[in-house]
Amino acid sequence: MKDPKDAAGGRLTHIDDRGGASMVDVSGKAATLREAVARGSVCMQQETINLIEENRVAKGNVLETARLAGIMAAKKTSALIPLCHQLNLSSVSVDFSTDRVKNKIDIQARAVCTGRTGVEMEVLTAVSVAALTIYDMCKAVDRAMTISDIRLMEKRGGKSGPWKRPS
Amino acid sequence: MKDPKDAAGGRLTHIDDRGGASMVDVSGKAATLREAVARGSVCMQQETINLIEENRVAKGNVLETARLAGIMAAKKTSALIPLCHQLNLSSVSVDFSTDRVKNKIDIQARAVCTGRTGVEMEVLTAVSVAALTIYDMCKAVDRAMTISDIRLMEKRGGKSGPWKRPS
Amino acid sequence: MKDPKDAAGGRLTHIDDRGGASMVDVSGKAATLREAVARGSVCMQQETINLIEENRVAKGNVLETARLAGIMAAKKTSALIPLCHQLNLSSVSVDFSTDRVKNKIDIQARAVCTGRTGVEMEVLTAVSVAALTIYDMCKAVDRAMTISDIRLMEKRGGKSGPWKRPS
Amino acid sequence: MKDPKDAAGGRLTHIDDRGGASMVDVSGKAATLREAVARGSVCMQQETINLIEENRVAKGNVLETARLAGIMAAKKTSALIPLCHQLNLSSVSVDFSTDRVKNKIDIQARAVCTGRTGVEMEVLTAVSVAALTIYDMCKAVDRAMTISDIRLMEKRGGKSGPWKRPS
Amino acid sequence: MKDPKDAAGGRLTHIDDRGGASMVDVSGKAATLREAVARGSVCMQQETINLIEENRVAKGNVLETARLAGIMAAKKTSALIPLCHQLNLSSVSVDFSTDRVKNKIDIQARAVCTGRTGVEMEVLTAVSVAALTIYDMCKAVDRAMTISDIRLMEKRGGKSGPWKRPS
Amino acid sequence: MKDPKDAAGGRLTHIDDRGGASMVDVSGKAATLREAVARGSVCMQQETINLIEENRVAKGNVLETARLAGIMAAKKTSALIPLCHQLNLSSVSVDFSTDRVKNKIDIQARAVCTGRTGVEMEVLTAVSVAALTIYDMCKAVDRAMTISDIRLMEKRGGKSGPWKRPS
């Protein structure tokens, strides 16, 4: 079936010929090493960062909780995103850094997998749920926090090859 | 036990006296009607918006898939966010609008519950997972999309009363 | 917004005014006792029934496994059916009877809940997953088994009152 | 341990020598390409089909919701069916056709996987949950709908080779 | 139906008259405040305790991870234990103390709920999964660790009233 | 970064250089056959064992329910234990034996997998949840039951080779 968008290189892969959603068939793809990195930020009041930092220095709980939430969410990605393939991650990590100039906490997730699909959705999900967890743990003191700039930074592996976010 | 931050009104509620994380006890709170609204955006290339819009007019699949993903994720919130209370939502809805000037899709989630805790995390989770689903469905044509401005707009019910995001 | 179908009493409740799916708001409904019963059948070869029956008399494993699968699935209903409300069941049971004339196993599920929505989907889900489990456990000897006549028999409670399947 | 049924080729594979349920060991099987197709139907009143069809033409929501529910359920199969193996699906699709003569909607699911076990349970689960979702979305107007004829149509791959449902 | 064990006060509540498992009907019970406390221990080599303690003092990660795992597992109890009722916990906490004489880490979980069933299974599940998590995080250095003495200490609320473990 | 514990061979593998938890990267490990066996016990009153045994002879329900709960829990291990890798089990079995001298039920779980990580956590989780299920089903007659001696007995496969619990 002819798709007029093919020429422009712009075809939404999850929409089948009749327009119904389906999980793209990846059985013909090779199981290769895939890696991806995503980032995002939680913007907050200066006082909220102080509270997290003081606590982090002493015990690290807000960020440790967010880190584990992000890691566990990465493993649930295919149950959250309807057309996302199941895969068994080889590794996931979530890290944080504090930006005291812009009053935000930056989150980075990295994942690795040997499989037929990339792990972009897994790292983006890890960042999102880590950010939501920071919000949950601090919302009593700062209800107006904002989660922003959740984005893919880099991916490797698979037929489409490496990709780096243009700076 | 005396907490030096109490005077300043700034105490992280999930950290117990010894610094261990725990689910805040809400058994003394009344089960009242709670409502919350959250918003967020997915920024993309103009051509990506065109593809979604043409598809949405014809069959609505990208946004319908994101809508259902957001609704289903709202029901999983307490399994994703470690210290979030379980609750039985009375209602969840997820809506979209297209901003062709800024090339983004705006997402809004609204939820209602009769319970002892608010539904802020449920609407923020719904928006986040709807956004991730839009990314998943369009990533083959626009890997650089960014998810931004996930934020609480409004909440009602509970001891702390109504709250509206300052504009 | 005017809906031309209202007069005929035929309006699909999960479709909002703009056509987007959403979880119907039940916050205005009273939390009353709800009960529902559903049935279904798995049709198979006579020899397959013999195998299950002999096993059931001796140890009951095929049907016990299906029973537990049905009960556990009832508790997962709102995670399987996108627009289904979460509820805490007060009781679920799954029972079987063998029809040796028609070579089928009949399944019945019953559930009770005090809540704002009915438990029809919970009993239909319990019957469906119990049937799938019977299929799974016997498929090596009878791949052509068919699951049929999954239907609501009866419901009580809620504003719409009692309903019995017309015979 | 001797099993008297072995001679007749009729042995229930999930029952171990002592009668306890266990997940069959598939570690000796080769990881090959597996495919399966299942079908089922939801029988309803003519007016209910009209409502779905009008809606489908305009927005496609009932069937799109059922489609996504079926796809997502396929990914949860091993969590629903107690002795079913975990596997990572390469592809799942769910399609519908309307039979206006018999007043029913026919559902077909297809799945592909590279693995050590077949995907029969995955497609049967997808059909079952898609059917339950159609029921859920239309139950307010047609409580007596019946789900029927859920059956395997075809499977390929694995030691037992291809199988087609006898017509 | 007469049950010969009733006189002796010893009847297994999950077995129905025909011997099939079912979720006990609690719809007639009042929704009252329930509370329970459970404990358990992980026995290990002295060097393993040293590693955890040094780490706990500095960053607290092994026990913080176990704590969150226990809290999150408490919320999943009804999905793990087949005949366990669903309930919405008002509070869960998990705490640890180190016994350097017996070389073990003691775990205590406490939960509160307003509902129709007790929270004994929730606290026992929290302790069990916290213990498994300690094992997981330290198994590379001490494969022989043993999890022991998982037991209910105390419960309050419900028709059967308060119970305290005899010392 | 130098870690002073490396010399002593004692380094907690889940703690990264900065002390944050992460899922250990196993992408460089070979996918080989892994097997593990774990055991544990539920200690109870003599009368409780009698009740289970009489029931088991007749219908086997308490232990059959515990067996299925253990098998299903093994498949959920990576969702329960935060830093545990996802894997697709080739086989799981759970068995019981009654010790009438010490008034306890002994549980054994065995699992097999072809993968990059071992299945120790899967068998320990299966034993734990089978034990919790026995407790749940008998708690109305014996609230003081204790779960003990959950331990790894044996493992095979992987770089670290075979391990047997010293007797």
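Details
For clarity, chains are labelled A, B, C, D, E and F in written order, and residue numbers in each chain start from 1.
One rule holds for everything that comes next: a residue touches a chain if its C-beta (ideal position, glycine included) is under 8 Å from a C-beta of that chain, and two chains touch if they have at least 3 such contacts.
Please read all numbers here as calculations on a predicted model, not as lab measurements.
Note on B-E: across the candidates A-B, A-E or B-C, the interface recurring with over half of the contact pairs conserved by residue number is B-C. Chain centres were defined as the mean of their Cα atoms; on that basis the chain farthest from chain F turns out to be B.
The centroid of the Cα atoms in chain C and the matching centroid in chain D are 16 Å apart. The distance from the centre of chain B to the centre of chain F, each centre being the mean of the chain's C-alpha atoms, comes to 36 Å.
Touching two or more other chains at once are residues 19-21, 59-61, 64-65, 68, 72, 76, 82-83, 87-88 of chain C.
The set of touching chain pairs reads A-B, A-D, A-E, A-F, B-C, B-D, B-E, C-D, C-E, C-F, D-F, E-F, using the touch definition from the header.
Interface of chain D with chain A (complex): residues 33, 60, 63-64, 67-68, 71-72, 75-76, 87-95, 112-114. Residues of chain D touching chain F in their complex: 16, 18-27, 78-79, 82-83, 85-88, 115-116. Residue ranges on chain D touching chain B, taken from their complex, read 59-61, 64-65, 68, 72.
For chain A in complex with chain B, the touching residues are 5, 8-15, 19-21, 40, 47, 51-52, 55, 58-59, 61-62, 65, 68-69, 72-73, 76, 80-84, 120-121, 124-125, 128-129, 131-133, 135-141, 143-152, 155, 163, 165-166.
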